[in-house]
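I am attaching a structure below and will ask some questions about it afterwards.
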Amino acid sequence: MRDCAAEVLEDVQGRSDPRAIPIQRVGVKAVRHPLQILDRAGHVQHVAAFCNMYVGLPAHLKGTHMSRFLQILQEQLKPLSVKDLEELLSQTRDRLEARSARIELQFPYFVRKKAPVSRVESYLDYEVEWQGEIQDDQVRAQLCVHVPVTSLCPCSKSISEYGAHNQRSRVSVQVEAREALWIEDIIDLVESEASSQLYGVLKRPDEKYVTEYAYDHPKFVEDMVRDVALRLQNDPRVRRYSVASENFESIHNHSAYAYIEGEN
Amino acid sequence: MRDCAAEVLEDVQGRSDPRAIPIQRVGVKAVRHPLQILDRAGHVQHVAAFCNMYVGLPAHLKGTHMSRFLQILQEQLKPLSVKDLEELLSQTRDRLEARSARIELQFPYFVRKKAPVSRVESYLDYEVEWQGEIQDDQVRAQLCVHVPVTSLCPCSKSISEYGAHNQRSRVSVQVEAREALWIEDIIDLVESEASSQLYGVLKRPDEKYVTEYAYDHPKFVEDMVRDVALRLQNDPRVRRYSVASENFESIHNHSAYAYIEGEN
Amino acid sequence: MRDCAAEVLEDVQGRSDPRAIPIQRVGVKAVRHPLQILDRAGHVQHVAAFCNMYVGLPAHLKGTHMSRFLQILQEQLKPLSVKDLEELLSQTRDRLEARSARIELQFPYFVRKKAPVSRVESYLDYEVEWQGEIQDDQVRAQLCVHVPVTSLCPCSKSISEYGAHNQRSRVSVQVEAREALWIEDIIDLVESEASSQLYGVLKRPDEKYVTEYAYDHPKFVEDMVRDVALRLQNDPRVRRYSVASENFESIHNHSAYAYIEGEN
Amino acid sequence: MRDCAAEVLEDVQGRSDPRAIPIQRVGVKAVRHPLQILDRAGHVQHVAAFCNMYVGLPAHLKGTHMSRFLQILQEQLKPLSVKDLEELLSQTRDRLEARSARIELQFPYFVRKKAPVSRVESYLDYEVEWQGEIQDDQVRAQLCVHVPVTSLCPCSKSISEYGAHNQRSRVSVQVEAREALWIEDIIDLVESEASSQLYGVLKRPDEKYVTEYAYDHPKFVEDMVRDVALRLQNDPRVRRYSVASENFESIHNHSAYAYIEGEN
């Protein structure tokens, strides 16, 4: 990789390029970096994020300035909220002297939850992705949250004398918002539509509760994505969305999967 | 998950659905299954593929028939070439009584190569993905090959008295073809544009050869994707393509990355 | 990496080493290579194995001959059974002029199973590891099979009015045998002790069967490993064993886990 | 999973077990939890750790109390240093009413480094593992750090007219200490023995420096592990150690690997 310009050493990447092919994305990938994320309650989460940062490179330029991406990351000393992604995009575009930029951040995120009966508190972990692109001052940003839940199969319940197979599922919601949504907003929405939500600590009365709750709320993978999609369709803050559910079937060694995307 | 129709047991997924939301993709994911793949030389490779198989579900139907996807896989007893993906798509669409279907297959693939000087033969392994969609008899299929190569940094070579940092890179080419391309065609194309190609066995004269060859063919990540894109632009068999290169930088703990997509 | 000896080029790794530290294992890791594996029924499975091959290096030698490991792999043209690992070990030791060698092979493996009621046939996939060491003609070899199963929680069943949480689990059995065990022997043993075994294709009567069977055979993670351990204890072919179960809990975002090792 | 004892609900796991097989490890695995880690400079790093927590279960007891492990984690509110692992072990043993306990924590860790010429500061990320066991008041604890570095092949340099293949390597050092070692102590030790250390940001004069430095410090994978082992042998704080290096060869699609373990 290589570094920026006005130096005595030869500036290879500033040269013009004879192939005349623009590059949609060039930059750094899989940079692990400490960031601070603002949560809905106004607190700060310290995360180790995986960061991808790219710019568009016009056909006539030979290369970009890789070390500048890293320097932008180093300068992020204040807690970030989803809205700051926009500022980060225009900064990246400008510092790299480009017309377009793309940033992808991925990090684990914790929410403190109360067990349903005992009210014992514990953390649950989620995977979050922020993605954004800027092209000539037009910004498009997506927030994606992967929410682990329980799914219980209605067919298995319906055809069996007793019991029903259930399993952990991963529901992935991606939203392009008109006004800011919090990570916790998406988590709440998904968990309220699952056969059951998950918890870190469950005491015995809690385990009884979630077992029976899941049995009372069976959902096909098709139901899961439709019920979440319905909620996203009716949320005025949401411009575009997608929802996927991968059910790690307990009776197979493969997953059931469904995916919906829509625009409001 | 659940199974197909005309049985005494209640047919939950045949019911109509009140939410009126179509599902773009529903099916099975991460099914590991043995397949036979035809190579360019007319031989058969036995692979353990990861298979994703989906159909579109109209708004009025409650669910699809998950076990049918698996049964289609079980029936694939003959060696497959890329062209057979089309047949597999229309079969899936028909057996699932759907209007659209999507299939994604991913598997490791071997090519027997000769070392550049000693001519000693050994296998090199590649990751291959076949992806296809059928929508009302319109088929679009992509072949994607991930080719590991050496990249050597021109800037590092240019500014250093001696040496130059180099590393393993992963070049990923995806092609939508007008007429069939072989996996080996894409591998050949990428390897001829790399700082050096890789080998399983290298004797000492071979190691000398590839070291010097890479030093004589330095390439930025931008060069790598442009040189491959140029070749794909000039190939009449190619309708659409993308090429990405991820360089696992030997002087950083992150990657340099570039991506181009185009249409001929 | 570098290559073998008697060549005009300087033989760096044949030199003596002043640090006087022996190396327990040196060689190649994560080599992907096509192998043929003999199954219990006498058929051949073609697999893409990940191979690690190491030898011990005495204190006075500077290095080993990396390309020879790869050449040994290239020469494996016949179907292998677990017993051939011993031959592969002594071959590696001899060709590398070492006193000890270690080989680890990992590959996916398929078993054709019949659904419990409909008798429909389909493949199920397993991960298999062969590991062996030779030290001065003493060979120790282990066969490890990872078997995916259903586990159903007895506590959840016992405390709930209806239902019981269940999930996919991964039971990993490693055996050092007195006489050869087949991969299928270990799979059979584990599947017979699980809350339920898994299948590729399940028709509706099958799904009813496995749901009820699992509900009738609840097992804690402790039960799972004890019941398998008991079977291994009573098998005269087994000299040493370990059994682990990781249950991907459907009500948590973490696993329950238990591990036993023993010697007969 | 299930919860602790003195409740109205039936206490399944307190029952005695007829199989008479002790379980070496039973507990929770892959719990993701926020922890605070004390660094050598006295600052606190907030990490999202993957936690495994197990106890030994005597032959006569049917099960352990899974939720207690999670509750112990929830109570860790103060910054931890390696020494606190001992306290965590005895706490786990006591709260679970066991005689032995094992804890494994894995988390990413950052060190702020200065580029070798420009002195520009940036973070580099490392993977860290703390592992410990307590058995009847005897504690054994290991600190494992995975350090990414550059390795440059002496053979390739020696036989080639110009250039030398180099690549990213991952050096993994595990130490059982007589007195506390800091994570940074191990990082410093490994980085000083590599062909070159890595950095987040490198300006052009830095890139020239590390390229030439690596070319001046070629190391076989055997050299790398021996040089680190020599340093660990001579460190009075170290009781037992292991060092492994995996070199992701830039001229192959596999790794070179070496491993040494020793006791002082």
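By written order: A, B, C and D. Residues from 1 in each chain.
Everything that follows uses one rule, which is that a residue touches a chain if its C-beta (ideal position, glycine included) is under 8 Å from a C-beta of that chain, and two chains touch if they have at least 3 such contacts.
Since the structure is predicted, the reported quantities are computational estimates derived from the model, not experimental observations.
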item	value
Any chain that touches chain C and chain B	A, D
Chain pair, A-D or A-B, that carries the greater number of C-beta contacts	A-B
Computed distance of Cα centres, chain D from chain B, in Å	35
Distance between the centres, which are taken as Cα means, of chain D and chain A, whole angstrom	28
Centre distance in Å when chain A and chain B are each reduced to the mean of their C-alpha atoms	25
Overlap residues in chain B, where contacts from two or more other chains coincide	1-3, 9, 31-32, 125, 155-156, 159, 200, 202, 204, 207-208, 249, 251-254
Category of the chain touch graph - line, ring, star, complete, other	complete
Touching residues on chain D, where the partner in the complex is chain B	124-125, 148, 150, 152, 155-156, 159-168, 196, 198-200, 202, 204, 207-208, 210-212, 214-215, 248-254
In the complex with chain A, residue positions of chain D that touch it	1-4, 7, 9, 31-34, 45-48, 67, 70-71, 73-74, 108, 110, 120-123, 125, 200-208
Chain D residues within the chain C interface of the complex	1-3, 9-10, 12-13, 17, 19, 21-32, 52, 54, 57, 62-64, 66, 153-156, 158-159, 220-222, 225-227, 229-230, 233, 246-247, 249, 251-262
